[in-house]
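Each in structure tokens, the structures are laid out below.
Same chain, two partners: subunit A is paired with subunit B first, then with subunit C.
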Partner chain A sequence: MPEALTRLRACAPMVVALVLAALTLRLAPRGALLPDWLPFALAGLALAWPALRPAGVTRDDTLPALAVLLSSVGLAVVARLQPELAQKQIVWLGFSLVLAVAAGPVFARFRVLAAYKYIWILGTIALFVALALFGQEVNGARLWIRLGPIQFEPVEVIKLLIVLFMASYLNDTADVIARTRPWSLRANAKYLGPLFLGWGVSMGILVFEHDLGMAVLLLATFVAMLYVATRRIDLVAGATGIFGLAAWWAATHYSYVERRIAVWRDPFHDPLGAGYQAVQSLFSLANGGLFGTGYAQGRPDYIPEVATDYVYAAFGEEWGAIGSIVLLLVFLTVVLRALRVAQRQPDLYAKLLATGLAAVFGFQIVIIIGGVLRLFPLTGITLPFISYGGSSLVTNFLLVALLWAISSERRTA
Partner chain B sequence: MTDPRLLTLGLSAAYAVYAVLVRDRRGAPPARAIEAAIPTGIELTVAHAGTIKTYRFGRRILVGRAPSADLRLDDPRVSRLHARIEMRDDGVYVEDLGSRNGTAVDGEAVTGPRRLEVDDEMTVGAAALVFRGVGAWR
Partner chain C sequence: MTDRAIARLAAIFVVLFALLALRQFWVQVVIGPKLAENQYNPRHSQIATGRGSILASNGTPLAVTRGEKRTYPQGALVAQAIGYASSRYGTSGLEDAFDRVLTAHTDAVDPLTQLRQIVAGTQGAPRGADVVTTLDLTIQSALVAGLSRHARAAGIVLDPRTGAVLALASIPSYDPNQLDARWTSLLKDPASPLLDRSTAGLYPPGSTFKIVTAADALDAGVVTPQSTFSDNGGLRIGNFTVHNDEEETTGTQDLAGAFALSSNVDFAQIALKIGVDTWFEYAAKWGLGQPVAFDLPVSRDRLPAKKDVYAGILAQLGFGQASLLVTPMRMALIGATVARDGTTPRPYLVRRIAGGETGVATRPETIAQPITAETAHEVRDLMVQVVKRGTGTAARLPGVTVAGKTGTATNPHGRSHAWFVAFAPAEAPRVVVAIVIENVGYGGTYAAPIARDVLRVALAQSRS
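== the complex of A and B ==
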């Protein structure tokens, strides 16, 4: 098949996604997505994205398509919740798409990234230090850095850097770690030491900066990658055990963690105070029922932080249990396709990188949705592509762009 | 249809199911195809404890005293996981894994990954390992 035709075919999933995006955004209130030409410009950019792949390869073009579909659903939800934020969100969406397209040539040679493992970990530590020095405290957590008019959330970038670091480090040492006997403390310390040091520093700082959600997310990703690379279940058990002890210690020593757990166990104990947010989100979900109230027909505005942490409750109210399940299905598709990419890689580095990106994306969804549905205590992180938030959107587009690049296979037919 | 959401939801769900179940018709992963076509490995001659023998290994050899090592050397001067010899895109490299007594190539201590030429002699404890080259075998 000629090259031009395969490029056209690569756009097919994106066309499907754009049709679905148009159907969704048609519902958005008039004027929320001004100026009128902007959505069309973004659609053109989205269409160019899968077409601009290197010649002679095929890629999993479903991934960028699903990213665009999810982010348009997110835009429709935010436009309904807070129209003034939708204005910002659509600009961030455009920026994310430009960045994803621009990063293409770099990501196409992603295997050279394996050589810079200490750059990734130094970058992580530098971002944490910047956060500690210049960070702004919002709701008791120090998460934001202000750069002129832009606020940005370094932890979102950090989660990508940690995956990059882990993939290159484990690429070098996985075989040695896998064959170290679990009870040999000295050997384990020798080979796992740098990993735990790099990761422990970030965990420590996360705990000091009161960002539990991201700490749990990074731990889960860390354990998943370690297990995939070495198949040592004792490390999984050990890391989980240490985390359990740390969580117990935090629950008894930090009042804000204690409050979160109390709210999780009984939100109706203090429905107008500490439990207000959790109770309102439960009412929202209950009000939505099976089919939902209809777009812009519910009252999710009673929930504080509804556009970020609790966006799933707002979505559940207006799109119903059915809508929420379809949304989960689309998220699951992204994770499954990402794991499929990992499975098909010939080398350990690409395999680990794809697994890590799939893990960080999947666990983030589990942690925030599980928190909103009260499966476990809520830890505030964003729901990828749906929540309002520029840093989150940019990072998740880069994550998908990297996965898409990893999925390259030489075209045979 | 009165409710515009149902169209979006139905189509999204159908597309997600299609993307997972149907759209993956790209055949066997290229990794397996390549591996089947060029099975390669490293050949080493090992002189240790009075015997000299030539072995054919895979692409990565862990040398050490541990039972899980690919090349097991029963010698107290050899660390459990002592050194790694591996095939990369541009040649075969030896790397010391932080062993107590170190690894040497032709008498020179190995600090970082070092590229091997055919017939280079590595010293691990009392053993001598000679790199014979790479070949295609199963």
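== the complex of A and C ==
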């Protein structure tokens, strides 16, 4: 097949996604997505994304398409909840797409990233220090850094850096660690020591930033990558166990964590105080029922922080259990396709990197949605592509752009 | 090998997402309908729309819907009992207890009729029923005016003949019209303005409880009005010593004197004569510690466990201390029981529900008879002496015989709570009052004058 034709074919999933996105965004209230030409410009950028891939390879083009589809649903939801935030969100979306398009050719050489493992970990530590020094506390957790007019959430970047570090480090040492016997203390310490830096970061987040959600997310990703690289269950159990103890300690020593657990166990104990948000989000879901109230027909505005932590409850109210389960299926498709990318790559580094990205994306969804549905205590992290938030949107587009690059396979004629 | 591990991870994600989907279905579809009915759900309380009114006995509006807004024309005057209906903070008071009655329902008619109404254009906006209370705003104003001289106080006024609540107040109060704006500060206020002290407040009854001790002793026959008692300023029971408030001694007195001068030493001895078993038998007859069926929730009184009551505790129970805690509502019911020949009326606040064509009127009921009519008359005479020559002279009214009992309840939170329980006219009681003022001192000094003012107004109202 000639190159031009394959490029055109690569755009097919994106065209479908853009049609669905257009249908979704037509629902948005008038004036929320001004100026009028902006959505068209964004659609152009989105089309350029799969079209501008390097010659001679095929990539998994459904990944960019699903990212665009999900972000359009997110934009429609935010526009309905807080129109003034939608204005900002659409700017962030444009910025994310520009980055993604630019990253298309750049990330083609993603394997060079393997060489910079200590850059990633140093970057992580630097962001931590910055957070500790300049961070702003919101609801008991220290999550934000303000740079002039822009607020940004370093943890969103940290989650990518940790995956990059883990992939590099495990790429070098996986074989040795896999062969080391669990009881050989010295060998284990030697190879696992630096690795547990990654684990230490999640502990650090837990202890210093009081951000239980991000800590659990990083730990789950760490464990998943460690398992895939070494298949050593003892390490998985050990890391989880020690973290579990730490979490228990945090739950009994930090009133912030303690409160969240109390609210999870019985939100109706203090329905107008501590449990207010949780109770209102449950009412929102209950009001939606099977089919939902319909777009902009529900009253999710009773929920505080609805555009960020509880966006999924608002979605559930208006799109119903059916709409929410469809959304879950779309998310799951992204995760499974990303893991398939990992399986189809020949080298361990690419496998580990794709696995890590899939895991960090998948676990984030499970943690926040499980929290909103009260399967476990709610921890304030964003729902990828749906929640309002610039840092989250940019990071997730970069994540998908990287996965898309990893999915490259030499085109066989 | 690595690929197998990746496949396992994929399987884990499939399981996790399946769990989320099941949970989604559970929350939204299975338990959703019940969850949506919860009183804190602001949706079903698009609350003000079509909501019925709450009215005073004479029809004066206490809570009405104007347009989409619920307003309370009397403001802080009857705040806690009427309660609030806020789309943010749910409901309380009568707004909560009668929510179903007040709420506008559309499902009252069958679908076919409804369709016909829509076609014919005769379908009016649905409207809830009105709730007509027994409250008399003149008495309520007198009660609130009296109580408002103090920081924290409660009072309740009953018609003993029926059990109708003529007024009930809790100080500090709040303006329900400002609820949404002031919510946080109301919740944080250490004086708990949202709390209805008259039905939910639990206090040691102090010497007002001597009404019960005297009634039990007379009814059981362990004392007679002619019995004499001697008070030398103290009574030692085991390692516990009973003494009077100012360490005064009342000397040798008959029952009326001991009651009028409120001797703790004498009533400790009377309680010991009654004995633990009989004391608890009578407590059950009075309904102490049992729920009160009222239109608003009433806190249960706290009694000590029978096994913990040894002589020293029983002696203190005789003058309403130890671990005994009661509501002002309970003391009003005790007063009403003495006032009406030993039977206890069921208290009620809602006189009538005026819904569309049908209305439901409350019928007065008797819920208990702890003592005989004869005992009740003897206790009434004791209470008359209190106001005539004892600790309650501040409650005297010209031309009316007032029966009353003071209480000065020691408590761990500061100065004593001042109590007064009274009814009038003693010969044919029409009004019962129970007043408690937190942490001010003597009942005869602080509570009795307020009771007198309220009785004067209430008697004038019930004559007209």
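In this text, the second predicted complex is superposed on the first by the 407 of 413 C-alpha atoms of A that agree within 3 Å, B and C clash if a C-alpha of one lies under 4 Å from a C-alpha of the other, contacts with A are read in each partner's own complex, and residues count from 1 in each chain.
FYI, a residue touches a chain if its C-beta (ideal position, glycine included) is under 8 Å from a C-beta of that chain, and two chains touch if they have at least 3 such contacts.
On a predicted model such as this, the values are computed, not experimentally measured, just so you know.
S.K.: Just subunit B (first), just subunit C (second), both, or neither: which does A:Leu336 touch?
M.R.: Both: A:Leu336 reaches subunit B and subunit C.
S.K.: Looking at the overlay, does A:Leu23 come into contact with subunit B only (first), subunit C only (second), both, or neither?
M.R.: first
S.K.: Where on subunit A do the contacts from subunit B and from subunit C line up?
M.R.: Comparing the two interfaces on subunit A, one with subunit B and one with subunit C, the shared residues are 329, 332, 336, 340, 343.
S.K.: If you look only at subunit B, which of its residues touch subunit A in the complex?
M.R.: 3-5, 7-9, 11-13, 15-17, 19-20, 23-24, 26, 29-31, 34-35, 60, 62, 66, 68-69, 80-81, 84, 97-98
S.K.: Would you tell me which residues of subunit A are touching subunit C in their complex?
M.R.: 224, 227-229, 231, 268, 271-273, 279-280, 282-283, 285-290, 299, 302, 316, 320-321, 324-325, 328-329, 331-332, 335-336, 339-340, 342-343, 348, 351, 355, 358-359, 362, 366, 369-370, 373-375
S.K.: Inside the complex, what are the residues of subunit C that reach subunit A?
M.R.: Checking each residue of subunit C against subunit A gives 1-3, 5-7, 9-10, 13-14, 16-17, 19-21, 23-25, 27-29, 31-33, 35-36, 38, 40-43, 88-90, 183, 187.
S.K.: Residues of subunit A touching subunit B in their complex?
M.R.: Touching subunit B from subunit A are residues 13, 16-17, 19-20, 23-24, 26-27, 58, 62, 66, 69, 175-176, 179-181, 184, 187, 190-191, 292, 294-295, 319, 322-323, 326, 329-330, 332-333, 336-337, 340, 343-346, 409-410.
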